[in-house]
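In what follows, chain A forms one complex with chain B and a second complex with chain C.
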Partner chain A sequence: MMEENDNIGTPQEPPKKHNKFVQYFINLGARIKGWFVDKYTAVKDFFCGLFHKKTEEEKALEYSGPQLSRGEKFRRGLKSQSGWLFVAPALVLMAVFTFYPIIAAFVNSFKQSYSGMTGKFNGWGIDNFVRVLKGDTGTGGADFVQCLVNTLILTFISVPLSTLLALLISVALNSIKRVQKAYQTILFLPYLTNALAMGAVFATFFKIIGTQNNTETVGLVNIVLGWFGVDPIDWVGLRSPHWQIGSLSIPWAKYVVTIIYEVWSGLPFKILILFSAMQSINKQYYDAAKVDGASRWTVLWHITAPMIMPQISYLLVTGIMGGMKQYSAIVGLFGVTMGQDYDMGTMVGYLYNYIELGQTGYAFAGSLILFVIIMIITYFNNKITKKRTTYR
Partner chain B sequence: MRISIQHLTKVFPSRTKGGKAVHAVEDMNIEIPSGQLVGLLGPSGCGKSTTLFMLSGLETATSGKILFDDQDVTTLAAEKRGVGLVFQNYALYPHMTVQQNIRFPLDNMRINREEGNARALDAARLVQIEDLMARKPHELSGGQQQRVAIARALVKMPNVLLLDEPLSNLDARLRLQTREEIKRIQRTTGITTVFVTHDQEEAMSICDIMVVMKLGVVQQIGAPQHIYDDPNNLFVANFLGTPPINIFKGKIQGGKAYIGEEAVGDAPYGDREVYVGIRPEGFIYNPQGALTLNVDHIEVMGRDKSVVSTHESSTKPTVRSIIDSDVALPEGAEQLKFDIKPYKLFLFDAETEERLR
Partner chain C sequence: MSNLILAGSAEGWLVALSVLLIIVGIVAIAVMSVRIARIVRSMRTPQAVVGKWDLSAGDEGFDAEKAQKREKTKHILKNVFVYIFLTLCALLAFLPFYWMLMSSVKTEMEFRESVPTFFPHTFQWKNYWMVFHQVTSTSGANASFGQILLNTIIVGLLSTFLGLVLIVVTAYALARMEFKGKNILFALMLATMMIPGELFTVSNYITVAKAHMNNTYTVLILPFLVSVYYIYLLRNNFMQIPNSLYQAAKVDGLSDLGYLIKVMIPLTAPTLISITLLRFIGTWNSYIWPRLVNEKSWQMITNWVTGGFVDRVQATSPWGDNWSIYDKFYGDSQPLDTLKMAAVCMVSLPLLVLFIFCRRYIMRGVSKSGTKG
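Let's turn to the complex of A and B:
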């Protein structure tokens, strides 16, 4: 639509056809630009209007009431633009803590051998990106591809899983009549607990703690597994089982622990959202379904789930966003080394790791790549949820 | 399917501690012959929907019985009763197309897709929405949504069709049209139908049998015209008819019914205080008539004119009498006298409000 408008009055150039993906970012850019232009014009108008000496004609045109004093004019001007006063503090804070760092990260990621201490660097280039992607940082730090794979696998298993579980639990909760409130409270408790503390407790559940009288003392999980004749598995420790694909390690046992943890800690919020969404569904839909002989299963998948699809996709989107940024749970479970040789590293963990190592250039480059990946995921998120969220 | 309702009662326990339980339906007895269109009529909150939901199986009866033909269905689950139910606000699934909505009951019966689609189309044809099958409910007008809801209820060929205030969400014109439609559909399918409404005109115009309810208690059952002409009590007389019946405070003395000092008709009952009900069409203009009314104004509407007047014994602010428009009335008269048609005059005991007859 914008293109059509732009073409009016100018020599007709065939509008460029971009593929949808590119077009999405072009539109996004146009929207962002439009936003700034809008604000700029508004600010300009406000200040120009304040100091501009109007001609008699303009005055007559504009305001036919009694003459206004300069103070009154200022007050009116402020009033008409008072929205700005309210957002100003937030804008300032965002400029300092959001916009500036984004731009700085962008710029700095192209400085080669950048030193965060001295600010010195060795020319511009994409050296940081190449080294990050190749895993050739020469510092013994985390490996980017490993961190990326970990993050993606953990996110795309645990988020759908916990959303599905939350859905089922909410349905169950919704059909309970009596102690609903009590269950609700219990289910919500993990939400109020600190991730590091929970991670540490989880790790203890899964740990092999040590050897005593030639038998291993093991955590709760291994004790339970032992009842079924399963030998203790070192879920979180040094001997944790893993698969190796080239230089990539798939520490599946640690994945299991992390996913269980993520699912469990993600449940309360999701249940809260889905449960309250369910409560607002008109009871008549269920009555109608009952008369029409729908089974519980049909009711769940053909009525309840579609009706709360906006909430479900909200949870998936925010869950995936959160998953891409997971870090503290990993530290809680596996310590600051994020497993053995960073084999449980995540993307954010990668950034911290290189900041800590003083290699800020890699951290900047990594963060930029993370940014792009999140953009891509957001794009598909938007695509999919737009289709699914509204039943209209 | 014949429906027999026997001593049906529904008591809702009070919502607050120590509050009073709600007797939504009290000792209801109705026999509905097969293939009839029955209207449950009563003011809001009188237990019509509750009755309907007990018939459908969505509410359980506190006591009493419901028989479909000779089968006792009182405790039978809703999905096993074979009823089609149309909700007051239709309850169409917003995320499904019209076709999916209509087919939903069939899908639950595991009827294959082809037959399901064919039957859905048949049902859609019956209510004339076959062109809208691909739309979603929000893309339909109120009347169309209503038809989809009816089609969904009909598609499984129910034994009994239940409609809860099916017309109350439609505008006046559509309501008129749709009620004819419902009548037509009911005639075509021959399904025993129970229809809830608080609109007496609606009930009067399409029902075979009308059941008038008040506060959970059935007041009168019968053909609409019969109930109109022969109401059991003041409530029924008052509830039926547009414009509504005129009610006067009066008395019976020596076999005559009096309004004020004027005798308006014979009353072979003992002396007592009464309410005198006179249908608007029950007045005959006569300069020597029995009842004197103070004329407020006269409305002429085509075939007839409406004399709007006041009377000190009237329980309503105005008295409305409808007479033929050819009847010449004296210009600008402040008072007019009328005779009363005896069969349009009803007497109700002032205390019990029961009809004297």
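Let's turn to the complex of A and C:
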């Protein structure tokens, strides 16, 4: 009995294995051949159809209704295309506000000293890009490299940090049985807030308010740090400490404030996604693990983590995308000038800065560079996440 | 340590916070030491741990009752630790809201005390009245709250309603109707989702300025009416409705539009409600675009919050002429933080109330779409 089963189950002789290099070219050849064969059959069918005289039976199968006049045919044809009428409003709006701007951004960023209002420009070239990257715009606006560095540092610290914290909280949330909903609701509250309004509240935690009338508030955070013997730090103000690397300034105190705010405001969404993913894991896995006597950490690393890997990678990708476009939180915390001399500028902040200065050429160039950077990050994201998320 | 207690004795809440921190620390140390002790023990006598379920290890070292008790204690300890951790997180998540509410009713003097009070000594509801009646300030013109609220509500309602109609109609056409080039159109729409929205803003700004549409409601509504993601979401929802329903409706003599209104919309109501709520929240929170294209009195509520608030109001207050209490200390040109906090409250609280009533729809919508509007 057993032997019979084994005989049935034995695999057939595997195909001959070439080395990787040769195999690649064999596959490539097969693919090219397939492409031509497809095209050939399509063309052959088309021409055969043209010269083929239809028999009476085929005609009867094709159309059995009454003969239509030309006008009626046209009307019916038009009616079958009435879907265009439904999508027309959306299409018109998208043409004006989405499709046209894409083309305009690509064209206008190559016009030198371009003024959006008058449409005048001074020849074509890559002058805008060179000046933006060099920081040589001559208008006293934000510096591109500073903005890029700020955005990258803030994004690549705050996103992994908040994802890790969200993972911890959702594991904790998943392991309790009572008042789960209440905790979930409270933890979700920060999501619904306005970045500017809450940024202002966070600024009061860190702000040193002047020393008038012999009263001085050093802010909640400085008081807590004071218990451990740390001198008050001016977190968000003019005397905020920073490191200087060449022309680049690293205002670390402001980074800390921004990262704390971003973790706080980014947590709710991440907890919501991770927690609902954990809830939907089949309970049988856990029962099986219990029977096998697996410890809690083993369960976490070998069951829970792999099962929610797609969600984690989704959160990392969307988090990084969102982080590259951050702006409102910076304005809420540091005001419209984005810190002192734009030292907390972000890439989106850079665009708006130059729109407001009336230098649309630089704004176009900046937006195109932002687009390219986001595309590069998307590409690497896809590459990494495709490898990791095998449990999808 | 003594310093900590001393500082805390001034204010009850500092004591509470520090006690909480100490408890968390002790529990963490306890849990860690239990773990470390177990690891050390396992290193000393490997077979004793490995043979926990191994009958060959012998019965003499294994006391079932004791083990059960130990398991139980461990379980309780773990639960306590988890609850403390979650409570701490919830407190930290809620702290900014609490601080916002309390700061908004403090007097400016109390707000600037060196040790901030956790609960205001005196409630100054006047702050709200002052914020409500801000018309212009010396530190940059700011519009009145009434005007701004009107703007926000008109733009919010119009953009939500028109946007919803547009989304439903487009999604219906893409899901149910057959026309040439449908798939190409849909692919093109989806492709635009890849491109960051900031790329459009610069061109749109120029378009709007050239069309002389600055300082209108139209300019706040039109560019954001079409939202490709919601069209995609709703189309998928529509596709899930079985085709047999459509045929049944046709037999009963329902037109395409009738089918859309009477069958499809009720069936996809939860998604539609989520989309409506998220769109309204998105409009409420919009900041950058209104700031770029419109002047102060045409902007939205978030723009209003970023302005400076001073205590000079151009109206007679119900408290008589003596309304300007801060003048002698700070002058009338300095923005006051308490007033700002009151403004922040007025902007944030409607959203929180909305959340309390529509929690289910908002959370579902968010987990589906992952956007704010």
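Before moving on, here are some points about what is shown:
Here, the second predicted complex is superposed on the first by the 295 of 392 C-alpha atoms of A that agree within 3 Å, B and C clash if a C-alpha of one lies under 4 Å from a C-alpha of the other, contacts with A are read in each partner's own complex, and residues count from 1 in each chain.
Here is the rule we use: a contact is a pair of C-beta atoms (placed from the backbone, for glycine too) under 8 Å apart; a residue touches a chain by one contact, two chains touch by 3 or more.
Fair warning: this is a prediction, and the values are worked out from it, not measured in the lab.
A count of residues in chain A touched by chain B and by chain C gives the higher number to C. In the superposed pair of complexes, A:367 makes contact with chain C only, with no contact to chain B.
When the two structures are aligned on the shared chain, A:136 is found in touch with neither chain B nor chain C. By the document's definition of touching, of the two partners only chain B reaches A:309; chain C does not.
Once the two complexes are overlaid on the shared chain, A:293 sits against chain B and chain C alike. Contacts of A:318 after superposition: chain C is touched, whereas chain B is not reached.
In the superposition on chain A, A:87 contacts chain C only, with no contact to chain B. In the superposition on chain A, contact of A:72 is made with neither chain B nor chain C. Overlaid on A, the two complexes show chain B and chain C touching the same residues of chain A, namely 293.
Contact residues of chain C toward chain A in the complex are 3-4, 7, 18, 52-53, 78-79, 82-83, 85-86, 89-90, 92-94, 96-97, 99-100, 103, 109, 111-116, 166, 169-170, 172-174, 177-180, 182, 185, 189, 192, 194-207, 209-210, 222-223, 225-226, 231, 281, 284-285, 287-288, 292, 302, 305-306, 329-330, 337, 340-341, 344, 347-348, 351-352, 354-355, 359, 362-363, 366-367, 370. Listing the residues of chain A that touch chain B in their complex gives 282, 284-285, 287-295, 298, 302-303, 306-307, 309, 391-392.
Residues of chain A touching chain C in their complex: 80-84, 86-87, 89-91, 93-94, 96-102, 104-105, 108, 116-117, 168-169, 172-173, 175-176, 183, 185-198, 200-202, 204-205, 207, 209, 212-213, 215-218, 220, 223, 226-227, 264, 267-269, 272-273, 276, 293, 318, 324-325, 327-328, 331-332, 335-336, 348, 351-352, 355-356, 360, 363-364, 367-368, 370-371, 374, 378. The part of chain B that touches chain A in the complex is made up of residues 53, 56-58, 78-79, 83-85, 87, 89, 91, 93-96, 104-105, 107-109, 136, 138, 152, 156.
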